[in-house]
């Protein structure tokens, strides 16, 4: 394609965008809405999963020591495991006090009859997924009587987190397809409104690509603008909502990662562009079929 | 409007739907997708909230009896409260055994030193929301030493459930608006494609309402069909997903209420119709503005 | 029937389509509007069915000032005016039959009435056998005749024909214009914008000639001698 | 240049638009195609720029069988054929200037070339002062002239004009047809479908007359005496 032609095609697309103001606006509205919805879904799925992971991460392993254990050595072995984030020693007196408090019992009576609890370490894993492996490894350490953790709760939470991740992925794929549909159907409608023009261009001797280019550029513009608008609506809206949740529901910590936001923004804009171009291609094909 | 005219307008709308097959199909696709997404959101919000409520509902109140309490009378008083669903007596031996098991202690040693735990009732509330009130009332009953429940967990879960309900409502309202936008913009695009026809009708002497009726009927048809398609996709899809989750993540019980499904289906179809009609009205207005 | 009083029409960018036009047409009168391309013929007709409002002056149709007409009364005016548009303006998704029928639907005619009158006018313009065709399946002249049929079908008291024979061969053209004249003689006011000097000469009816938006000639009967 | 050999065109529903048409046009020839409304003139022209394929027979343009042309070569054919469409077919969102320029854009003309040639043809059809107007801001005849300008601007070796003067007054009409004749004399093949007997009589060029899709007359020079 000569530079001259390229210039012409771009100016052609640009003037079509301006002159079809109403229709361009309508298409951009639709695309923004579609992408915004997609973004909301991504954020929801992401947060749900993060929430489940957070809960699971709060679970600790209690490593009970045998009567004759060497505390320092056990601690060293525990810390040597790179999957372990933190290790804290809990003397049996502290454990009993905690027990008494939790069950509302009289601590003094209980301690008078002798403390049946062992000394223990509380171990926090780096990744909740590793909890089982860490517990197993801990039991191999000489001087460790038993490694316990809230097995049921943890496996539940982990399963849940994985389920949400999978469901989120499926939902995002489905919604991505839905967005593609929305964007391409919308662009197809704008092309439908101009099908006569396409025919005229053909009759004057324009090749299919000569006709396509301005429409592609237009679709690209509409899609990209839609993506930008969606991002511009979504990110500040999410930031506001997240801070609202943080301050009112203190125990829920919404994901507030800049990387995620940037990735989401870029993702939406790219999807908008891609879908816009694809939508134009698909939409035009029908009218370019007839020579 | 004379019957004759009404008949004409309906047949007019119907033939427009058939003859604009491609465009009608495109519009219905867009509307279905928009409503489907809305439905997915409603179901997600509903399930999240139900999940949180379920978790909260699993919390029991432990009503400790005083040493001199009359068990039968306390039980009668507890059962008299209509906010109470179930009451179960837990003798102190059973409580101690549970404690020993949970903490991995040797039960026989522990029981030898004397059981420091009181007899108790486990009380299940009808609605998790009432848990605080029930505990307070229980403490008023003569013979009750203390009424305890996992206060932190419960209030967290309740707050969460309420938060989800609110967020869900807000999300559904926002998404409803987004759907309205999508539907009305889509229908506006279909009308844009036929703006010349509107003008011709005006010039031949058709009143605005005479022009509007077929477009309204068309919009209604597209919206309703979109709603039906969305329902037809959503409900079986959800039923399948729910059974999949039930069988793989046993501890999550997705809402599987026929009433909810029926309400959702009707809601989507009604929203489709309403938005279709509104979209036509709004979309036409611009072209009817000029006489 | 039609009183055009000191009417001027200016389009944006300083295009003066009509300047100080004063014209009066009686009920049942037939008149040709002639003039070069761009002289303002279509603009003049558009004023009468209110596709356009004058920049200055008054257009009075059947006793009503057209520019004063409230918006909701405009359709009523248009139902009294049959228009043959220069660019046809047929509904593309409707058949010939439906396009013609539409003018009757608009006035709420009964089905019986429609089935009586539509075939009649289609016969009149020689398209009885193409009733089921869509506009894009017709030749240019056939489309023009559908437009003529639509303008005639509800026998309006006023008929505006903008270049009604531009796409028709001489024989059909003469028949159509003869038909318009006959209609005028039965009491309908007919204005016919045309370039066809043959026809103007043949009819010897009133001729209004425009040059650049100004009426330069208005004769009760006449030929086309200086129409261009 | 153009060889139409035993061509028939049948539309659905048994409409026979052309039957066994045999016509040959030399390079630089000028010919009128006449015939009543619906006799097949537009159909004949559509065959040549391949808007339509014949049901039977061959259409050979510049040595190529038009129906055998692979799809991607069709635009190349159309660039060699300037067409004045009966219904104009102007791009509604483009100005007069851009509409005419589009025919040059399509062949990849340089900007300089465009700025040289577009004003020239607009001058030729008398629309130099309306270059910035959009089609719906033009009178019927002005639109038709834009269409003529677009067909002329890239000086194609073949020019098809379908009723190019239907909306023009006699003076402009004669000028336009005279222009087409001059172009033919400079080597362009020109086919002009028309109803205008005046013009056919005035030019005394080759006349092909159609009646219901059949060529009933083909004379090297002639008037319109039995064209209808």
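Which chain is which? They are A, B, C and D, in the order written, and residues in each are numbered from 1.
Note that in this section a contact is a pair of C-beta atoms (placed from the backbone, for glycine too) under 8 Å apart; a residue touches a chain by one contact, two chains touch by 3 or more.
Fair warning: this is a prediction, and the values are worked out from it, not measured in the lab.
Novice: Just to be sure I understand the contacts, which chains border both subunit B and subunit A?
Specialist: Expected: no chain.
Novice: If you average the Cα atoms per chain, which one ends up farthest from subunit C?
Specialist: Ranked by distance of C-alpha centres from subunit C, the top chain is A.
Novice: Please tell me the distance, in whole Å, between the geometric centres of subunit A and subunit C computed from their C-alpha atoms.
Specialist: Averaging C-alpha atoms per chain gives centres 66 Å apart.
Novice: Using mean CA coordinates as chain centres, what's the gap between subunit C and subunit D in Å?
Specialist: The answer is 28 Å.
Novice: Roughly how far is subunit A from subunit D, centre to centre by C-alpha average, rounded to an integer in Å?
Specialist: 61
Novice: Can you list the subunit B residues in contact with two or more other chains?
Specialist: Counting only residues that touch two or more other chains, subunit B contributes none.
Novice: What topology does the chain contact graph adopt: line, ring, star, complete, or other?
Specialist: ring
Novice: Taking all chains into account, which pairs touch?
Specialist: Those chain pairs satisfying the definition are A-B, A-D, B-C, C-D.
Novice: Where on subunit D is subunit C touching in the complex?
Specialist: It comes out as residues 11, 13, 35-38, 41-42, 86-87, 132-133, 137, 139-142, 145, 162-163, 166-173, 195, 197-198, 227-228.
Novice: Give the list of subunit B residues in touch with subunit C in this complex.
Specialist: Answer in residue numbers: 2, 4-5, 8, 12, 15-16, 19-20, 197, 199-208, 210, 291.
Novice: Can you name the residues of subunit A that touch subunit B in the complex?
Specialist: The touching residues are 22-23, 26-27, 29-30, 33-34, 36-37, 40, 44, 48, 64, 99, 103-106, 109-110, 113-114, 116-117, 146, 148, 156, 159-160, 163, 167, 171, 175, 178, 181-182, 185-186, 188-190, 192-193, 241, 245, 248-249, 251-252, 286.
Novice: Can you name the residues of subunit D that touch subunit A in the complex?
Specialist: 49-51, 71-72, 74-79, 81, 83, 85, 89-94, 102-103, 105-108, 110-111, 150
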